[in-house]
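First, the structure itself, so that you have it in front of you.
Chain nomenclature is as follows: A, B, C and D, assigned in order of appearance, with residue numbering initiated at 1 for each chain independently.
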């Protein structure tokens, strides 16, 4: 298998962008990534686009607006992990020799508030069971019941990520908040208050992947930034039986041993990349809500089961700590445009590995992990190295 | 690269199925394919699901209902070619050694009448430009203006396919029609009458793909039917400039030399499979409307440019002719459940290659081609051999 | 009328319509033709009447998409003696009045009145004083 | 008001707002920041006034999704002298009264009246007697 590298990254800021269409935002992100990679028209052989609500032919519209079509364009949906799924498909195909250079993009334009998901059947909506934040709240409550996590820890995750997001010009929220602010915001579903939940919003991100050593650069293009290696991009679905799984079943078994999809994906990603959680220097993980970040610490093996609160309390996962998590500010600062969020994480981590992350730079970062998980269930784990 | 074979096929009849959900139909198709392949739980390493309107996590719901999750499940959208896109991804991954056995499914449950497509922007709907059959009609009118195709030929395609569909128990319409019936049906958009257009409907189809020679069969399972080789599965998007392209632009160039996506895909598929159009024994092609089948003859190289009417008139493309096209009855008989239609073609062609097609069997069929094309634009061409 | 056919029987006493797999002996809900845990096709329909124990709970304070009933309402997971954890509405909307582990009984509650004047019903769990039987 | 801003100017005389690429010299419509044919970013806005020639045509007999105006209406593609084929409504709804190659002029036509009482307009092509200029 050939090694795969990230030759270029591009992003359209996450936020609220009025009349800018999904296509407009995707064009911005793809142009940025192509420019960095020195790749032009005819310089890539396939494109993969992650989107959950973009509609028919989302990737085609973006590439069509750029006059860059004719190759296979595949639009994939994997909920919050849509971008990871696109990345998995693209990197596998390059590793296998199917393509040399591939464009991967993620785009989304989501309405405000709780999203009406096509995931639920009409009767579930009618019965009040399509209450997405309530499922998050139940996971948070279980985490609190089975570990030392308290509501103060949930607030502390928000304070940490919002502080880190101040340094990210592509984030939607760039003001620090206090624990009092967080705990004083409206109660959505006990124990989750409004500011503990990320905002669905709008944005796009893109990367150009390339077989290491292949020359996809346009003649005359500059050398560009040092390439980052994509060491693993893994997607996994859920195993049956866990009632609070992101697959959102109506019932499950009295069985706490079901391995979550994040752990399934992480194990394979660590093996592919030849690293373990102890080798990581920086992580971007799914913080749809504050408890989800803490749960991710456990599921990714960043700490022992039940030790997420201790890891947070130690300061290790804050900027300046041993293993900063969500230096970009996370989804709590950036908001979550579903199809774009995973690639937004990858954009952040590539900047970190290149040493281009400015005020939020993790010094000497050489091994980075991106994690998304959501409806499906789908979990995506990506390992980047330099 | 490893050879890929179809180890099992399954289908849920195409039609109107009331309360049966997308999941119900997908389960029927997948169970059928798994049973034929002798593959059970844990016997496949990935799943690809094609759907255009199934919503979030369509493939996960089907496999979740079967208790078969945990592996990567990727939901892809490529309009009428969604199933071809899923097949391309699955077969490429097997050929590259990433997986040994993969489930590929396509499912759809579409409302009656003209589909409200998320493809169009609201202003296009408001201006009456989201008139899908009108675009088909313009293509038909151009074909008539540039070749010997007449309205009688359009009717003859319908008569042929409806006659062939009589023998297909999975088709929605199973009664013969006359040219007078077709020309007497309501005029939708000149020159297309209602019966010249396929009906969007509901259904599912699935295949199990396997690396040739690998043993994915469950211990104790019977030998099953003789495997069919998947010699090529290619997806291509459109090149810019053709105003009547399936990418449905608002404008194009005065340039009739733009190669259509079907031809782009077919060229690569023929090369991969090591065959040419003259080697084919049976074809299933996109007959969204009667003119689309004739256009496909040209774009796939089944005849010279401008010679589609002659090919039809010769009887070559009817059952009993030299190269029967749409022995299943085509979409004109089966209806078109977008995500399922390409895999429905593959199910038909595998039956043909196995000699299991009953009254619609093409004697001695050894090389078969499946073709879908639609919004995106996406064109899928699949070559099967035994 | 039930919000969905095949989900529960109204009773009294009410019961959930669940599946029991002869292959792996697990229960699932709602009842399906294939076991969602082991893929066996040998599934029997069984009635689960509870009582169970509260496993985890919260409350929904704002109407989610497509919901026309009252807010707030309780929301949680109850463990039934058959080894099943079931997601459902709770009749108690104040989380502080519930504690994990407490007995919960099955109830059928109104959601809203539909366009044809019919009361639409769903299953829910209510605090009870009957201890669940041991598994 | 126009059905979409940036699509056409009402005139008189009306005109389509198109893009002209300095890179490949092709025109495109609607105007975009990047050339959809060659990816160049050197696109100028130009006004295309026609007349053109009918390339292919039909008529829409039933209202498509989201359309609230009258049916039937003509629908077709007109070739403009700038080398562009443009999809649009035709003012003539009877296909037999039109023939490919005939001169067509640009028009602005009403679609419907919106919720605020404003007449919503779009571009369309009408049979004309002015021969298009040669390319």
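The rule we apply is simple: a contact is a pair of C-beta atoms (placed from the backbone, for glycine too) under 8 Å apart; a residue touches a chain by one contact, two chains touch by 3 or more.
Everything numeric in this text was worked out from a predicted model, so none of it was measured.
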From chain C, the most remote chain by mean C-alpha position: D
Comparison of A-C and B-C (more C-beta pairs in contact): A-C
Intercentroid distance (Cα basis), chain D paired with chain A, Å: 42
Centroid spacing, where centroids are CA-atom means, of chain A and chain C in whole angstrom: 33
Between chain A and chain B, centroid-to-centroid distance (C-alpha), Å: 34
Multi-partner residues of chain A (at least 2 other chains): 64, 67, 117, 121, 240, 249
Junction residues of chain C, two or more chains touched: 36-37
Chain A to chain C touching residues, read off their complex: 114-117, 120-123, 125-134, 137-138, 141-142, 145, 186-192, 240-241, 243-244, 249-254
In the complex, chain A residues that touch chain B: 21, 52, 55-57, 60, 63-64, 67, 69-79, 85, 88-89, 92-93, 95-98, 117-119, 121, 234-240, 247, 249, 261, 264, 375-378
Residue ranges of chain C touching chain B (in the complex, touch as defined): 32-39
Parts of chain C lying in touch with chain A, wherever the complex brings them together: 3-4, 7, 18, 26-30, 36-37, 56-69, 73, 75-77, 79, 83-89, 95, 100, 111-112, 120, 122, 135
In the complex with chain D, residue positions of chain A that touch it: 27, 31, 40-41, 64-68
